[in-house]
Each structure stands twice: as structure tokens, then as C-alpha cells.
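These notes concern the structure reproduced below.
Note that the chains are named A, B, C and D in the order they appear, and that numbering of residues resets to 1 at the start of each chain.
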Amino acid sequence: MAVQVQTHSSLIAAQQALGQGGTYLAGGTLVMRGVNAGEVQGVIVRATDPELRRIASTSEGVRIGAGSTMADILASRDLDFLHPVARAIGGPQVRAMATVGGNLFAPHPYGDFTVALIALGARAVLVQGGPRPVEELMRVRARPPLVAAIDVMRPRDMRAFGWLKVSRIKPKGVSVLSIAALLVREGGRVRGARIAFGAMGAHPLRSAGAERALEGQALDATSIARAAQAACLGLEPPTDALASSWYRREVAGVHLRRLLEQMA
Amino acid sequence: MIRGNMVEFRKDIFADERDDNLNEIGKPTRRQDITGHVTGRSPFFDDHLFEGLLHLRCVRSPHHAARIRRIDTSAAQRMPGVMRILTGQDVPVNLNTLLSLLDFGIDDEPILSTERVRYKGEPVAAIIAETEAQARDAVAAVRVEWEVLPHVLDVEEAIKPGAPTVLDIYPGNKFVYHGKYDHQKLRLGDVEAAFREADHVIEGRYQMSPIEQAPIETCGAIAAPEQNGRYVCYTSTQALFFSLGTASKVLATPSSRLHFIGGTVGGGFGGKVDSIHEPLAILGTMLTGRPVKYAWDREEEMQVGAPRGAERWYLKDAVMNDGRILGRKFTGYFDSGAYTRLSSYAIIKGVGHLPGPYTIPNVHADVYCVYTNRTPATAMRGFGITGADFAIEAHMDKVADTIGMNPVELRILNAYRDGDMKAHRRLAKNCALIECCQVVAEKAGVKLSPEMQAASSRVGGGGARAHLPAFTATDEHGRVSGYKATNYARKGAKPPDLPGAPPMAQHVSHQASASAPPAPQHSPATPVPPGPPAPKRAGPIRFSSLSGFRRR
Amino acid sequence: MAIHRGRGFAAINYPIGMNLGGDPSQALVHSNPDGKFTVALSAIDLGQGMKSVCRQIAAETLGVPVEDVYVDTADSDTGPHDMGSFASRGTHRMGNAVIRASAEAREVMLEAAAEELEVDPGDLMTDGKGNIHVRGAPSRTITVMAAAQAAQFRQGRTIAGRGIFLIPLSDVDPDTGEMSPVTTFAHAAMLVTVEVCDETGEVTVTDMQSAYEVGRALNPRLVEQQLRGGAWMGMSHAAWETTEPYYPARDHGPVDFNSYIMPGPGDLAPHHISVLERPAEDGPYGGKGPGEMCANPVLPAVVNAVYDAVGVRIDELPVTPEKVLRGLRALGGAKPRQRL
Amino acid sequence: MTFKPISFTLNGSSKAAFATEGQNLLDFLRRAVGDLSPKYGCGQGTCGACTVMIDNVPQLACLVLAESVEGRAVNTAAGLANGPRLDPLQEAFMERFAAQCGYCTAGMLVAARALLDANPRPSREEVIEGISGNLCRCTGYEPIIDAILDVAEGRVQA
């Protein structure tokens, strides 16, 4: 079996083509690697729809076309809160290629951008069907839907959003783990804490333990220590070439504490 | 401390041993190849285009150890673009070891395995197809019936009684040295006596990890038919004549029919010595009449390409309170992986290096070349030495810490000096360890005692330090039987007649009667380095354990 | 949290070349009629600068400018036998072969010049700029080009030379290990400064101070390339790389450069290098081989520095944050030594 | 096997060639077009040896579908020099001994050129960031960083 590439000018057409089975090619950083290795076979669908790379402010926040690259994010002033996240993805070439949509379904240890989207409560605009929280998409990764765009709210207070990536290689390396936190404070207390981890599970996920520890609390040494303690509750971090599950578990709380201290 | 990325040339040190007034030597001349590099025009092996180029990829074992019951290539044969499928039966001489070209070690490794596999990734068939993608697809369509066998992955597990045997010719999973011992020995003086005499006995265990050479250019070769029944081979090899000799032997083809071109290589670091790709690329060309490329992709380079093997070292030192090291004992295990490649030789090199750059009167080493079901190991930058040095120098730190001595001073105190007897029973000369230690201490602000500051590699050596110990404790530990020393490790068997004319073997046999050329005469008035002494020609020459040659 | 600083030291020597089958190298040198020389080899340039160093050696020995020499390698139809580029043998073995080949070619060149100048060849010298003149009488001169033309078109001489370098085979005694492994050694010492985080086990290298003794530095920039690049590879071996992260298990073997980790340009530490030159008596112009040994002192220096910083001995490479953290746990926290 | 015709601009010249289905730009440039300056190092997007510019943006040719460059402008290391006049970066790499084996050099130079085109006066940290997608196994990066800074800070002229 070889590959056959179909190029469509609209996402709708691409979606229809995918209905017959096939692989959607976005930035290429994962799919073309698979093609090169002979692991991706059959129909490859791509779309040239200009909407895919549109980044626009809406009443809901910012709508990011799923085909926007990390470089596009870095070029957008509206998305300045996501610049540190986009800058942590790959080197310059990968950032010029890797897309927001592709990042949603990138396997471990990739997907750091999605970690931030989950913490920010972003929603995916699907080509078919209504918007869905990015977090929910993580559960349908085996058969990912075609995503047209991401809606993300700009944090009202920039200090409410924090981001940290731990890598073995500077300045470009894959994650030992990554953390994104959205900690909106009302009257000095954290309301609706959202803390997401990358590389701490099969896919980006939230740390219920850390969120619970912070909910309704002032962000101080005590709550931070509790959150750090609870960071890995219910998580089963993977072992890979970079770090063992044990190590990830040991240091996740340390890094969470450091991030929270910066945000306090 | 001096900071920053500076380089300084300490011309003041050893100045009296140099004439620095030369025309071209010592000048910062630009690289001959630099324009090609910066314009992207330097011709690496893959930068030669051929019409009709075919691509070769291998079917590999998914198991650490298994018997091959059956290889079914029928489905692969029908795949689009597949031109030819090779199995071991297609390889004229399907058994090799690199050092066999120098008669060092038994042929032990199939080019394409037919009966058993001994490591994950071992090739059992090769697909030749029109495109790389087609070759990949056809590889996936080959069906191999495996009978999984027990395996062993750790050097010390591998030499325990009852461990799975990796190679039948080495039943204890240990290479046999000189037909006599299952390890290489080094003995000087009596370490046990030193341990009795010492103020401290300090032990350590050290583990060198397997490492990938990781050149940015992966290993590969392109072969193509040349005129007059010859074959041209563009190659990334680090050793043109190793590769040519290997191809000549494996393909039973005289070297005169092979034209090897290389020399511009995208990094090697030891990983491009093994000559894996050339024979199969040429064989593919012979059988298809078309140019054939065989190169590893990055994943193969990392997992199938031979790494620097793991090494495990046990050290035990006899140390006096004043820092003098009286004795040092080593037990070393090199993980050769599933086949010998170059590991047996690396151990000889490593043993000659012990006990490091120090004058220690009592030295004892047993170093083993161990077979495991891992990817075969091969050379890497510092082959045979890096792991030993890691162990020695980590241990020196432990010694310094134990006796409470400045680690730099410990090195200077024990450093070898001109004229000292070394453990391999040759006198040291041209030493410079002390001076290196002093320069670093000075730069880094490590305070040395006046005595250590005044020490010199040229002073204080020799004399009593030049003498061999009156007594050296030897032993028969690890004695093997059934191997003939005259045939190196070959168990009773007559060496097979090598097909064709392996150029290296041929070359080496010439040297027995060659004399070294006279030292060159030249001016401007530069001292010409003296040539090496001519090989002795008088009388019968005994067996050389390094080469196995006998001269009569 | 605390960051602990530590310094580690190591010193090494390194055998130049090997003793395997005599370890021979050959070279051929010949001149075009215009006095430009080609050196034919089968050595491999892997980046270490084989072509460049042989070019300088040939030019020095021939007594001509380096621009007038070109090194052609490796084509088995034209380049004679060589063992290969490994074991730090290239400069030493091939350099000596090139000296011999060049010296032989020079002799013919001087004979050709002598015939044209009607003097004894023994009275001639080269100025390294393309001229040959009578010793003590610089006005009695002929260009290398004119000598080469005369050799080719009038005298019927071949300005060419052959060279081989071979070290006699060494026996190895099975019982004592007595052997002659090599004829010369290079040397190095290295002091590395690290910072160790006692919460994560992360090690940051902050400084490297080294001294390398390389015999004569035949080209100081090529030497620096090897030392700087090679020491950094040593750093990579020390604290990043392995194909078997869970050795001896073969699980999680890296398959790409994301999982086979090597330090990036953002991990670099300043490295101050001092080069010492004690010429090797049988080295080409005293040169040894700096290419391999430059990495070796770094590995132990790093583990020794980690011990100095936090009291944890990492006896199994590489020094990963995980191993350091496990060591710290076993030790009950950092126990700084600060001995250096 | 199907072939697709691709028309594009390579280093300022119009080109047309056929790509096979699913072929990546690296393979297409090297085998179908004959520009051998981008190198294969991994095919996985992790080494940078195949770096080219597409419409002035540095990308990894091994991960670009060849047919996607239809109508676009591709620039490679082979096009860095203007005739016999080398790019200042090439001069600086020569002067700084910033190449050893030379295999990563072409991709490294394209990445460096892209960096300086976008940011003519980068800091050392920005240079490090700019070449972070390109691996070099020989040099330890320092001479490469120095060479790029030499150009950025005007110490090397073409």
C-alpha cells in the first residue's frame, strides 16, 4: 500500500474525504514523519482553506485557525499570553510548521501547546458538530475529529496564567513534563483552578489533586505546598527514554511549586 | 579563574623540545574542504545521483534471540517495485568478522542470518526495490517464523554458569585470548602483597553506558556497475580498505573488481568502521545490474548501528596515607553484544592502557570480552579507553576523598614520568600528565604545594622506578582447553581458505619481509622524526597474538 | 531548594594509534608540470581535518606553499592502502607516510633543479614560497614550476614519492600482558564546575578548564576544533547520552534525536583550553592525535564534580537527574564536599 | 506509481519536476531536481540538516510534502552565494572554523540566514535559539555561534 494525497480547498470537503478513511495532514511534523517511515499509508487529506490559518478576535476571545503554526501564534499580538508556550515548541523550523490542530493529537511526549489550551479552558470548533472543550477531545484521540479552530479566552489578569516546561535540552527539547495553570483569583482566593500537565500521562491532562488543593485558597506557601503534594494524585506518568515514571512523579510537585510561587 | 571560551598555546612549556620556526606546520591554515562545506558542495556518499537507483532495506529480528524456522518472502516478492529479495543463501561468504582481515578472531557474524538471530534488529533478509517506500512496505510483508530463545543482556549474567549461549564457538560467552585464557591478563608485581601493606584498600564499581556515535550523516553506501565487470561503491566508511577488504571477502570478488570512493564523511566517531553496507549494496548491484543504495535511517542508526559497548569495571586500590598508590587491581567486562566486531581488540588496547597514567608498582587486571544478546558493539571515539578512564579517574577521586588529599596533588604524586616502567613492561617517555595538571590547577585557582608545583614529567622518573618488580604473581585462572594458540581462538579447525584475495591479509603478509623505509631527509632545517625501528627479520618469528601470523 | 556548586578534576593519557596488524598507512605524492602537487591517500576526512593536516605536512616537507598542494582522498583506484581513520592514528600514521612520500618527491625536485642550476642537489634549499635556491646564494634560484617543467619535458624525471609508515607488530603476552601498544601518548587534565539542584537532581555545567598536551599542534585551529568539539561530546556522554536509558534492559531505546538526548547550544558552558606541545619523537613534526582523548577527562570530571557538590557518587553513566535524585534520597539530602 | 508535476522557484530560478506520491521535499530536491545541498540526517524532523526556506521561512524539507511547494519559492544553501560571491555567513563559517565534517553546515547556514533576515542584530541568546533546530555533532556549537555573531555585529563583510 502506498499513499495517495488529496488536496481540498475547503475543510468541509476535507472532512467528507476523511469520511472514507484517511489521515489528515496539517503541518507535517508528525504525519510526514510517519509517511517517511512507512507507518502512514493510504489516503492523506490536506486542505488549503485560508480560514485554517486565520487568527481573529471574537467576543469570546480569540479564534485560532487549527492550521495556525506556532510561528503564527508568536506573530499574533492578540495571543501574547500564549507566546511563552509556542516558543517552547521545537526549534524555529518546527515552529514554522507545527500547527495548533496537530498539537491536539500529538502523542507523548509532544502536545505541550495543548496543555496550555486545556488549562485555559479552550474549546475546539469542529468541522462537524458543535464546539467541544479541548480537554474532552483527549478522550477521542484514537479517532480524532477534524478541528477547524480553537477558541481561547484571554486571561483577564495576565498573572493568572502560568506556564513551565522542563526539558533535558536547552533551548529545544521535548518535555520531561510541562505545566500550565490558570488561577483566577477573586478576593484573593483561587476560583475555578485549572492546572494541566504534559508528559504526565498518555496525553495532556488536568491535575485534579492540585486543583482541589488550591480551590478557594489564597495562593500562599501552605496551599502551594499542598498542591505540590497532591500534584500527581491519580496520575500515572509514563516512563520513556528521558525519564522514568518515578522521576516524573518525584519532580512534578517541585516544578508545580516553582510555577505557583512565580504566580503568587 | 580564567573565564570564557579562550584557547591559549602554552609555548613556554617544553619549549626546548620544539623548533617552532616552520613554514606551514603550526599555521592556522583554513581547511582544504571548507569551501565545499559552506556551499553545500562537498560530495558525501549520497551526493552521487544514479539513474535507476534501487533501494535496499533489511528485514530484522524483533527478538533478542530466536531460531529462524522459515522466511516466507512470497508476499513481499509480489509487492510493487520489488526487484530482488536477498537472504543468507545469496551471500557468497555469509560469515565474517572485521578483524578476520587481520586474522584476529573467528568469523562469527552472518551478513544475513539464516538459522539464528542473536540480537534485536539482526538482519535476516534484504529487499531491493525501486523506491525506499516500496522497500519498506515489502519488508513489512516478509513473514518470518521465529522460535524465541532465552536471552541474556548483562555481562555478568552472561558469564554465569547456565546462561544462554550467545555464540556456540564461545560456550562461556567469553572471547578466548591466545587460545589459552577466557580473558586478557595484565600482571605486574603482586597486588595482593600491596593490599596487605597498604594503609587503605579502596574499592569501586563503575559502569560505562552504551552510546551512539550519532554522526549527522547516517551510515550507508551506493554501489553501481562500472565498466569492465567492476563495481564502484560510494561509501561513508571510516576505513576504505577495511570496507573494500570486507566486500572482497564476503562477495568472493577480487579487490581489483571493486572501486571504492569515499573520504568525505558526515561524521563517524567510530560508527562507520563496521563495513555493513558496502557488501550488500554491491551484492544487490551484482544481482540486479542496477545501482543500489543501502543506508540506515536514523532509527536503525540508533538501534541497529553498533554503539560504544557498555563496560563494567571493578577497581581495588592499595593506598598509603601519603597518597602513594602501591597496587591497583582491575576486573573489566566489555559488552561485545552478539558478535565480536572489534571488541576483542579494544580489550587488548584497553589492557595496555591500564592502570592509567600512573606509576603503580603492582598491577593486576583481568579483562573479559563478553557476548550478550545486545546490538554488537563497535568503535567509538576513545574505543577501549574512555570507559577505563572513566573508571580510573572516578576511582582516583574516591581515593583522594578517602585519604583526604587534594585530588590534583594525588594525580601529580602518582603520575608517570619519563623513564618509569609501565605495567605493560615498556618504559614511559614523552610524558606530560604533571604539566597538564599544573596548568589546570593554576587556571582554576587550585592551590598546590610547592613540591607539587615544582614537579616535572622530566624529573624524578627512571632509576629504581624503571625496574621491573623482582617478582610478579602469575596464575592460570580462566584457562581454557581445546583451542590452539597457533590458530588464535580457532577451536581446532583449519582456517578456511579465504575467497578472492583479501587485500589486507595480502598486505600484511608482505610486511613480514619489508623493511622500514629510511627516515626522510628534508630541509628547511627541521628535525625529522625518526622512523620506527625496522621489523626484525632475523630468525623465525614466533606467533603474534595480535595478528596470529607466523613467520618462518 | 538549594543549588550546590561543585568542582571535579580528572587527568588522562591516551595512546596514539594502535597496534593492530602493524597499523600501516601509505601515501603517494606527485607533481604536475607546473609544480603543483597532488597527494593521493585513502585516509578518510570525517571532519577531523585529515585532508588539511596532510596538506600542510606535505607542503612543509616539500618546501612549497600550502596552496600548491592538494590532497586527494579516498579513491581506492588511486589512493594506496591505509588502515582507516580511527584510533587517533590518522595524523600520526598518515602524517608520517606523507612526510616520507613528500621527502622522496622533494629529492627528485631538487635533483631536477640542480641539473638546471648546474649545482649539487645537496646545496639547494627551498624558501617555502615556490622557489629553490643555492644555499647561501639566494640569487642562484629557480622556481619550483620551472624545475617541474624541466623534469617533465627535458630531463625525464618523475617528481613523485612513495611513503609508508608501519609500526612493528607487537606480541601480547597471555600471562603478563606485556606488549608495545603504541609509541606515543597524548595527555589531558580537566576541571569542571557544576551546579546541582537538590530537589530535581538537575546538573548544570557552568565552567570547564582544561589543559591538553597534543604533541606539536600542526594546525592550531584544527586542534582547537577537535578539543572544543570533542570535550563537548565528552560532556554529552557524561550527562546526557545513552542508547540504553534503562541498561541492561533494552526498553525505551531512543529512535530519534528527541529521545536520544545530546546537550543543545543553550547548555554550553565556557571552556578555557590550554594547549601544551611536547613533540612526539616519532610523530610527524612531533604531532600526536588530539581527536579522541579530548572527550575522555570530561566524563569522570563531571561525576567527581557532582560528588563534590552534593556528596552523591554517580558510578554509572550517564549522570541523569534521576540518578542524582535517587542518590540524594539515599544520602538523606545533599552532603556538599567542597574539596576543590 | 503516480507522479505529480511541480513548478516552483528554486534559489530564484524557475523549476519544474515530477514528484512521486507522498514524496517529501528533501528527497524531491535531491533526486528529482538535483540540489544536493540539503542533507538527510533523520527524516524525522529532529536534526535540521535538511533546512530550507520556503517563502523565506525556514522549514524542514524532510517533513514537507513536495507537492505543497507548488508555486512557492524555495531557497537552499546552494543559493546562498551570489555567483562567486559568498554570503557573509559562509565567509564567517570559513574564518571561524565553524565546520568540521560539514554535513550539518548547509542546513545550519540556512537557519542562520533565516535568523539574520528576520533579526539582523540578534543577541547571543537569540542566535542560540535560532540554531536550536539544527544539530552539530562535531563542533560543540561555539564556533557556529561566534560566526553568526561575527556577521550580525559587522565583523565579516562579503
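Brief remarks on what is shown
Criterion: a contact is a pair of C-beta atoms (placed from the backbone, for glycine too) under 8 Å apart; a residue touches a chain by one contact, two chains touch by 3 or more.
The model shown is predicted, which means the values in this text are computed figures rather than measured ones.
More C-beta pairs in contact connect the chains of B-D than those of the other pair, out of B-D and C-D.
Centre-to-centre, using mean CA coordinates, subunit B is 35 Å away from subunit D. Centre-to-centre separation between subunit A and subunit D, using Cα means, comes to 29 Å. Inter-chain centre distance (subunit A to subunit C, centres taken as mean C-alpha positions): 47 Å. Each of residues 5, 30-31, 33, 80, 133, 214-215, 264-269, 297-299 in subunit B touches at least two other chains. Residues of subunit C in contact with two or more other chains: 45-47, 49, 221-222, 224, 228, 230, 233, 253-254, 256-258, 260, 262, 264-266, 271. Multi-chain contact residues of subunit A (touching two or more other chains) are listed as 2-3, 37, 171-172. Chain-to-chain contact here is organised exhaustively, every possible pair of chains being in touch. Within the complex formed with subunit C, the subunit A residues making contact are 109, 166, 168-174, 239-244, 246-247, 250-251, 254-255, 258.
In the complex of the two chains, the subunit A residues touching subunit D come out as 2-5, 7, 25, 27-29, 32-33, 35-37, 44, 46, 71, 90-94, 96-97, 171-172. Contacts from subunit A toward subunit B in the complex involve residues 1-3, 37-38, 41.
Interface residues of subunit B facing subunit D in the complex, by the touch rule stated above, are 5, 30-31, 33-42, 44, 46-47, 49, 53, 80-81, 130-131, 133, 214-218, 264-269, 297-299. Within the complex formed with subunit C, the subunit D residues making contact are 42, 44, 46-47, 97, 99-103, 125, 128-129, 131-132, 135, 137-145.
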